[in-house]
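Shared chain: subunit A. Partners: subunit B in the first complex, subunit C in the second.
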Partner chain A sequence: MSTNSSGVRLRSVTKRFRSGTIGIDNASLTIEGGEFVTFLGPSGSGKTTTLNTIAGFVRPTSGSIEIGGRDVTKVPPSKRNLGIVFQNYALFPHMSVRDNVAFGLHGRGLSKHEVSKRINDVLTMVRLGGLEDRRPKQLSGGQQQRVALARALVYQPPVLLMDEPLSALDKALRDQMQVEIGRIHREVGTTFLFVTHDQNEALGLSDRIVLFNEGRILQVGTPSELYEQPRSLFAAQFLGESNVFRGRVTSAQTLEFAGVPLRFNGGAPATKSAAIVVRPENLLVRQADEARPDENQVSALITNISYFGSFRSIMVSYLDGSSGQLRESASSEARFSRGDNVSVCWDPGRAVLVDDGEAAA
Partner chain B sequence: MSENTRGGWGLWIWAALVAVLLVAPLLAVVPISFSAKQSFTFPPSSLSLKWYENIVSSPRWWSAIGTSILLGVLVMVICTLLGTAAALGIHRYPGRVGAVVTGILVAPMIIPGIVSAVAIYASYLRWHLTGNLQGFLLAHTVLALPFVVVTVLSSLSSTDPALERAAASLGAGAWRTFARVTLPAIAPSVGAGALFSFVTSFDEVVAASFLQSPVIRTLPIEMFVSVTNQVDPTIAAVSTVILALTTMVVLLPVIVRNRRPKGASS
Partner chain C sequence: MAATARRLSGRSRRTSALLLMLPALAVVLVFFVYPVIALSARSFLEPEPGVSQYVSLFADGTTRTILVRTLVVAALVTAVTLVLAYPYAYLMSLSGPGVRALLLFLVLLPFWSSLMARTFAWIVLLQPRGIVATLLSSIGLGGVPLLGSQVGVTIAMTQVLLPFMVLPLFNTMVRIDRRLLSAAHSMGASKFRALVRVFVPLSMPGVAAGCVIVFVLSIGFWVTPRLIGSPQQSLIGQLIETKVGTLLDFAGAGAISVLLLVITAVLLLVAGAGARLLLGSPDSGGRNDE
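And now, the complex of A and B:
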């Protein structure tokens, strides 16, 4: 299949529904051609609304949308030339697989021969050859998903939109389709916009993640940027596990957590109240008297230890009553058990400081 | 024998009983229509076709049958087009406007027939719509429209709204979306609505009895008039003809559907 991709640009897009609900609030976003971008966020955070403004099903209250450099804010969905995969696939029930896929090729000035070649190619790509004459009802969920992909890709749209396309599948199939979607993206080279509230899908598939909460775009970045440098407590807690030490910033380098000074790297935040976030794999457990001067150190009580084969997950509770977790390689000797009072330590360079302003979800 | 089977027998007997109660009077009418005597005795002592000859040779009956069929077909066509369009509109604007429009269109189904009929008569008298086909057409359209609106509306609300969005995303305009996606989804209900509207008109007595004149009468009215004038089995013969016709109308779609080869594409 030929490479054909466009960038997408949102400029200050706001959607206020007639009920007064804000679906999306002043969102600006630039997506490059060929990127795989996921919209991630909790339920009701505005992912679908944003996708629908790009698709044209929702007209923004203000702001503008560009696709491939063209302003499409007032262009109807049928003229935007986008591929869309719907959550429940929305396959035409009375048409065969072939007719479903052929639907979008109508009126594009293709010869009969070209049409059937395109259909065959795309069905081969999604690995559905031989099922052309089936009706959607005669296919499994995974196969329907593939038809939906084929139907949306056959006319080589420059952008493909998918709203939680995997949510109707069971876990095993979801993992398999996730790999397939990644492969198809590399094969067609089209820009993919993928909505999900499953962080594993987002981390595994995307070039970049757009994190939504309460109708706002909180952060945009690669999966590792979002994981390693969350810019808000919400981002830190939504993506992956984290240990949160809330406290007061006392100097440009220290935050006081339950009476204990903790050092952090980077400049002081604008607000006095902030939190240090440390990922479980960056924490170490030591005997209470074993601490080193170059590390931050917090006392903790071990509440549980679970064994996961390659690592042990240790649940702890901190001085302020909050709980956290850390990981220890299972190859090291198990020195602690439940109920032990220990020191939890980390290198200040392996933690981030975030505003406490946005309360946890 | 298992209890299950006995339950099955009970159900069969019950069904047979209901069937007999429903169908028996109809089946009595058929033999009477072939009676040789001018009486309703059942079973008839001797047979003839003279009541059928009576219909065939009487211009009154011909004209009534013709009027009813013409009227029914026109009402069906108009109601199917208008009713489907109305249902599509109501479905698209589901707010207060939709509710009000639905209420107005469906009202004739709820208002007692005699009330509608009197109201229709009173206003049509003024508009010179009594005793002519236009009057019948207008009245029956109003009375039959709800059946199309209601059946099409219910099938629209059970079809996946994402289908129309999908069609739009694939580049289809309003017409192609309607013809290739929406219409196939609601076609069975449109068909059922069409059938209902034909039968409603064909069967309608109350408004028709106000609007009729010696010049224009529908079949039910002609039957009514003939029964009050003289009692003979002609009426049974007419009933038999109607029975045969309506059975055919109802069975036709079933037969056509079974004839179509399996898996044929649309």
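And now, the complex of A and C:
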């Protein structure tokens, strides 16, 4: 497969539906050619609407969309030359696998020989060789998924859009297809835009993640940027597990949480009300009297301990009644048990300060 | 409860189901199955056992002419209703709930008046200087005899049978996943190509169902051709009526009826096979798991 990829650019795209609800709120985004970008967010967050405006199925109320440097805001879907994998595949039930794949090659000025070569190549790439004459109904869910991919890739579109393509598959198949999609992206080199509400798919597949909530783009970054430096409470809680210490900022470097001063790195936030977010793997449990001066520490009550083979997950309850969790390697001996009063500690450099979402809203 | 359900399972459940169906079954047996069998039997037994009725049926030039005329009129009515109903049903399948209800109401309106009343209404409309004649002459098709002609019969039958074409078409079209059309557009297909390659093939089961229903009803039509057509242009239903009512030739009428039944059965089989061929049998091959 030849490399053929285009960037995508959204400029202040807004979509207001006839009902008055806002589907997309002033979204601007630049995607480079060849990138694998995931649109991540809960349902109703605007990620699918944004994908549909790129596809051309939804006309934005204002703003513009460029694909490969060309303004396509008013171009119909049939003239955008995009590959699209629909959520439930939308395979043509009355056509064989071969005819489904051949559909998009019509009218592209290809010779018969070239058409059949392209079909064979793409079916080999998605590992469906030998099933050309089957009808979609005669295929398993995973095979239908591969036909949908082959059909969207066969005419070598510069951008491939995928709308929750794995949501209809069971867990084992989903993991397998996730690996396959990553491999196909590397082979084809096309720009992939992938919509999902599953954080693991987003973390595992993407070059960059675009995090959506309530029609807005909250944060754009690599998976590790989003995980390690969430810029909002929503981002911290949507991706991965978090321990959240809400409080008032009392100085440029301290936040008061339930009467306990906690230090944080980086500048003071814009709002007085903020939260310190710490990932479970960055927390340590110590005896209540085992404090160290260079660490933040908060008293906690252990409410549960679960053993997962390589690690123990410890659930705790903090002073303000909120709950949290942390991880401890199972290779060390268990020192605590349920009901113990302990100190939960962390290095201030391994935590992030974010605006308190509720206060900001 | 659970015990009762268990006791009702298997054989006894089937028996009670059969008991509930008995009244309807009796009506069908006495008023439909018996007459059909009796009439068919007479067609083979009179005047002497054998197929002489059928031989004379095909030997008789008049019967043959009427049979061919009936099939031609039925085919014409089917074609015209299909052409009229397809865009109508398409519009219905695209509309929102309000417009759809209105369109459905308009289609069903004829069902709420009797066939007889509608046929008499057509007699008025098809008068030599009536509304239809005036309309036709205004578009340069004046001078076509309507009343007492095949044209008038076709017009009236088309109106009566239109709902039987619209409803199966709509029923099929409304189930077609619109995302398939979006998918076709996304792959570069024009609106026309998406319609022809995706929508029309997927609507074929409805087309087949509508055509079979309209065609079968058409070949059995009696009231409309009797009142609007002319005796010189009679259709097969009128022939049966003449044989039974005037000539008391029950065996001959039976032979024609059997022929109509056979035509209907063949049509149903062909349409069923065609639909299976197009969409693939739901249980052929089976799912292939990875």
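Here is the rule we use: the second predicted complex is superposed on the first by the 356 of 361 C-alpha atoms of A that agree within 3 Å, B and C clash if a C-alpha of one lies under 4 Å from a C-alpha of the other, contacts with A are read in each partner's own complex, and residues count from 1 in each chain.
Just so it is clear, a contact is a pair of C-beta atoms (placed from the backbone, for glycine too) under 8 Å apart; a residue touches a chain by one contact, two chains touch by 3 or more.
These numbers were taken from a predicted model, which means no experiment stands behind them.
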{"item": "Subunit A as common anchor, with subunit B and subunit C clashing or fitting", "value": "clash"}
{"item": "Contacts of A:173 with subunit B and subunit C, given as first, second, both or neither", "value": "second"}
{"item": "Partner chain in contact with A:293 - subunit B first, subunit C second, else both or neither", "value": "neither"}
{"item": "First, second, both or neither for A:86, with subunit B first and subunit C second", "value": "both"}
{"item": "Partner chain(s) touched by A:140 [first = subunit B, second = subunit C, both, neither]", "value": "second"}
{"item": "Partner chain in contact with A:107 - subunit B first, subunit C second, else both or neither", "value": "both"}
{"item": "Touching partner for A:259 - first (subunit B), second (subunit C), both, neither", "value": "neither"}
{"item": "Subunit B versus subunit C as contact partner of A:94, first or second or both or neither", "value": "both"}
{"item": "Common interface residues of subunit A - those touching subunit B in one complex and subunit C in the other", "value": "55-57, 76-84, 86, 88, 90-94, 103-104, 106-108, 151-152, 155"}
{"item": "Touching residues (chain side subunit B, partner subunit A) in the complex", "value": "160, 162-163, 165-173, 176, 180-181, 184-185, 263, 265-266"}
{"item": "Contact footprint of subunit B on subunit A as seen in their complex", "value": "55-57, 76-84, 86-88, 90-96, 99, 103-104, 106-108, 133, 151-152, 155"}
{"item": "Residue ranges of subunit A in contact with subunit C within the complex", "value": "55-57, 76-84, 86, 88, 90-94, 103-104, 106-108, 131, 134-135, 137-140, 142-143, 151-152, 155, 173"}
{"item": "Touching residues on subunit C, where the partner in the complex is subunit A", "value": "177, 179-180, 182-191, 193, 197-198, 201-202, 278-280, 282, 284-290"}
